[in-house]
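Step one of this worksheet: look at the structure below.
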């Protein structure tokens, strides 16, 4: 009887708990709290937080090679399949009309990607700090946080720096959730009251044919110039085609609902399973969190600055605020633009105009990810 | 031409059928009949029965290493993934309010688990019968039938005694379906008319916050004291959190519908694929079926007896019938309690009061499974 | 800097494009155009076309062993899992009432399978053409195009001739889409005006019990006489049982919607990934396309001829047009019969009568596939 | 294998295949007739359904009267409001 | 292992198992009481929900059900409009 | 690699990356303008849709108008049911 009792005791969590595990479960709990109480990207941060708790339970080995989360990670993240399926769903949920009506907002989506590359330099510069060590691949994976696009960040990190995946994903989604707090001060600081009051002309109507041709246009350019971004952009545009052609509603609904919902649960849990003490509780994570915040700020700033340039070049027709939406974080960033615009003029709704740079930012970060994959991952 | 004709004949079922296969297909047919005509847990027994038929078709090899059911079993059951996903769905479908309003009904859920451990002893004692041979792991896997919880039984059997999985799953679901027949006589025999007439006071209202905190409370205790049950309890509580937090409705719906429905089909087929003649048509299976019935009876009895004890300790406020719901078999056992209660007093609805011990029984059997895994499976 | 620039250039599509890839992407584009603009089986041809484009993108390797489509093909097609799941969904969506009311229409479904075996001979005869080389397995996989049933064609091709899978699937779905163009001239040529005007008596009502017994009858015969067709017929009948028993609506809905929609997307993409230049741009593909058309025509013709025989034997009660529906291509072929019938007599609706041979054709091709698997694949 | 041999194999397969298809479906015709007779024996001749999808038949003529009252009340109130 | 040894192991497991089940669920009872007190402290006593499942809106079973739903919607809108 | 070398690589990457992003999106702007012109050439200028999501539900211009629609729907369904 004694031996059974002993075996039972040996199997208990309180007999095996390590400090690191306890801390990581606490981190998981905080993520869940932020998701539930503060509504910080709950669809992702809740499963990630729960995954962090499950994977740090001593003895159970849920994130181990024979555990549920271990299998899910192996099947869905290591292969890159899950983020691509999310991208298909995002494509099937996204209306590119605003961008098609105003293609030049693509420049705003381009400018906001500067946050990515500035952060890349910053990460490499942190190598001068003793104890921090980032390879070029690590730095690239961290920099993509500045793209403000969760699936792209997870996809790139799973290719270039799997060890940092947990921290990068948490940083990416956290900052995306913080967009309403991070962006407004920067937007106000860089624009004048008069600029923020600019009323933009109504968007032209977009025909169904244009909406169908658009994804093919993007895909063809991607094939010609940046095939390394083809998995991401290809699946995004495949989802969008399912939505726009109007003859495959069954498939479009499956991509918009069943597939993206199911994959989101498992993607979140699997990402959370990478929040283990030995990978997360390091000095590098601090660097990632800091760099991520910087990336967001720089991206917002360069987006707004490009907005100011377009404001001038267009003779005052463009409200520079919409540049801030170029970081992606769809549709939160566009809503923030709308809100800041309304503060300046209570009748000025910029939401639709901000959707253009907002979806352009998704394409922009996928292009940036493609460049990083082509050069660093090649 | 003769050789082709011969090859065709050689490929026919009538030229290759063995008696065992025929018998197992008959077993599958009976399971389907019970599922369809008698509504015995049709969601599980219909796919299990069909799986039994498909896997015993000669020549086709559908349950073989290159067959559909072979793959499904390998991916979903061997890994333990399917029962855990079912548990997530069950969690997302379960309302723990009744238990939260009356925590002491957990003792009823605890008492009813005695059926498990009594059966364990019974299985070991059967080793004295010539021809029967159960290891400690076998006996543990069989005993869990007394937990009256299908996914738990499949999960534990897949870990401890994969060869017995088919028989154990069939027994577990069959007896769960037989709850309305097995339980009432035991309940009536162990209680007096006066006890069965006890009207319980209305349950107190439960706040949303309590419903959110509950799954975390259970999970924390599981982490501290019984991490071997963490996969089961963790996924159950994850599903429940998705349901209760109210900010991830997309994910909650996916867990309650798409995931659990899809997994149920494949879980059933894969479990059925283990109903092969050489594994099922043995003396051990007879033992499993007999022991399963005994386990159910004992669990019901100890649940009711604990109900009687609570009846006395509470000064007559507790109707001892609700103890019978402690075996799990949600929500059938609670309905049986309600029915037997109505027989004694036509105005006494015990359904909500029986839901407390009923869901407590699910947690109780998961705890019991955790103990068995920790000591026997370790 | 030069090296990075060079690496970027080396990673571009325009620096790596081969003519074959460009041509195959064009083929993919044409398939998408046919799917969207001409509504040719869009649920399958759109994903197939997109899969063809994605898999021929240079450098990206999406169909490679580490690419998304490579994984999907490996998991879903190589194993035969996807077509079987589609068959389960088809079964859950099919109402066999018309066939149960008029079992003799099974002969029409049988006669139309002659297209398969005539094509088999044709494929073997093409070996006399220099440059064409088909093994018996190749010829069998090609011949099944005449079965006018997509999932059966994909299943058989994945077993017997994986290299030809892409071309065979494209041919099968293309000709199924072309049924309204291919069939009417043949139907008119082989029947007289008087025959086409035959009004058939109303179908007898079918009881729920008959609908439940039907799938079991088919399955039992398949087990006894043709177990090699058991995966296909078994899953078809499993889906139908889920639909008809009426006690597992959750599972029936999952099979009819979630599972079939999700699998259709990935099946299409994975089939498309086999449209690579080196496998598709060969003389054999021309043969496959030509033979497929011939198979369809012969199947239609023999179906109609059997219809004429039944017309005479029944004393003029059977309209021979319904024989054309025996090729499968559910429900398009039945609609074509209805249309051609209406041309002859504006008040003669043959749709329900044509559904009998139409679903009989599905069973018939599965039987034919079983024979080919048993003899050629054994 | 020579083309002739292959073709011979093909002819062989054709006869076997079409034979099997016809034999199988003939047995199925017989089995279905038996099955239908069995079904009729079990359920009796009265319980039947049309082969078309079961469309929910309009029920309860009593409720219809009530419905008429409800609708006319709604309309008359609406009209009086409109004036 | 002899049957006797196995049985001894079994008895051992039984005591351990039932003991663990009871200990675990006892602690859970205590934890739940604490949790409920905590919840009441945070939200105050007023925010409450009944433990019964939220009852779904009455489903429209057939065309008539739909009709009833449409009409009652019409009437309720009409009434709210009238005020 | 020394930190200086890494930083040089990083600067290199930054120019390449931002360059590529701008070049790609500039070409896309051009392609989209061409595409829109092509689309207009094919469909003609008349077939257009607003860029907002196509919402199916008829917008409530006045509650009374809605009420009329709802009630007439109710009546027409009722009549077809009555037949």
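Points to keep in mind about this one:
Should a chain be cited, it is by its letter among A, B, C, D, E and F, assigned in written order, with residues numbered from 1 in that chain.
As a convention for this text, a contact is a pair of C-beta atoms (placed from the backbone, for glycine too) under 8 Å apart; a residue touches a chain by one contact, two chains touch by 3 or more.
Note that the coordinates shown come from a computational prediction; the quantities given were computed from them, not determined experimentally.
Compared on C-beta pairs in contact, A-F and A-B come out with A-F as the pair having more. Farthest chain from chain C (centres taken as the mean of C-alpha atoms): E. In this assembly, the C-alpha centroid of chain B lies 19 Å from the C-alpha centroid of chain E.
Centre-to-centre, using mean CA coordinates, chain C is 35 Å away from chain F.
Chain B and chain F have Cα centroids lying 49 Å from one another. Taking each chain's centre as the mean of its C-alpha atoms, chain D lies 41 Å from chain E. For chain F, the set of residues touching two or more other chains reads 9, 13, 16, 20, 64, 67, 71, 74, 78, 81.
Residue positions of chain B touching 2 or more other chains: 4, 8, 225-226, 258, 371, 375. Chain B contributes residues 4, 7-8, 11-14, 16-17, 25, 29, 32, 35-36, 39, 42-43, 46-47, 50, 53-54, 57-60, 62, 66-68, 71, 257-258, 261-262, 264-265, 269 to its touches with chain C in the complex. Within the complex formed with chain A, the chain E residues making contact are 9, 12-13, 15-16, 20.
Residue ranges of chain D in contact with chain C, taken from their complex: 3, 6-7, 9-11, 13-14, 16-18, 20-29, 31-33, 35-36, 38-40, 42-43, 47-53. By the touch criterion given at the top, residues 1, 4-5, 8 of chain A touch chain E in their complex. Within the complex formed with chain D, the chain C residues making contact are 95, 97-98, 100-101, 103-104, 106-107, 109-110, 113-114, 116-118, 120-121, 124-125, 127-128, 136, 139-140, 203-210, 213-214, 217-218, 220-221, 225-226, 352, 360, 363-364, 367-368, 371-372, 375-376.
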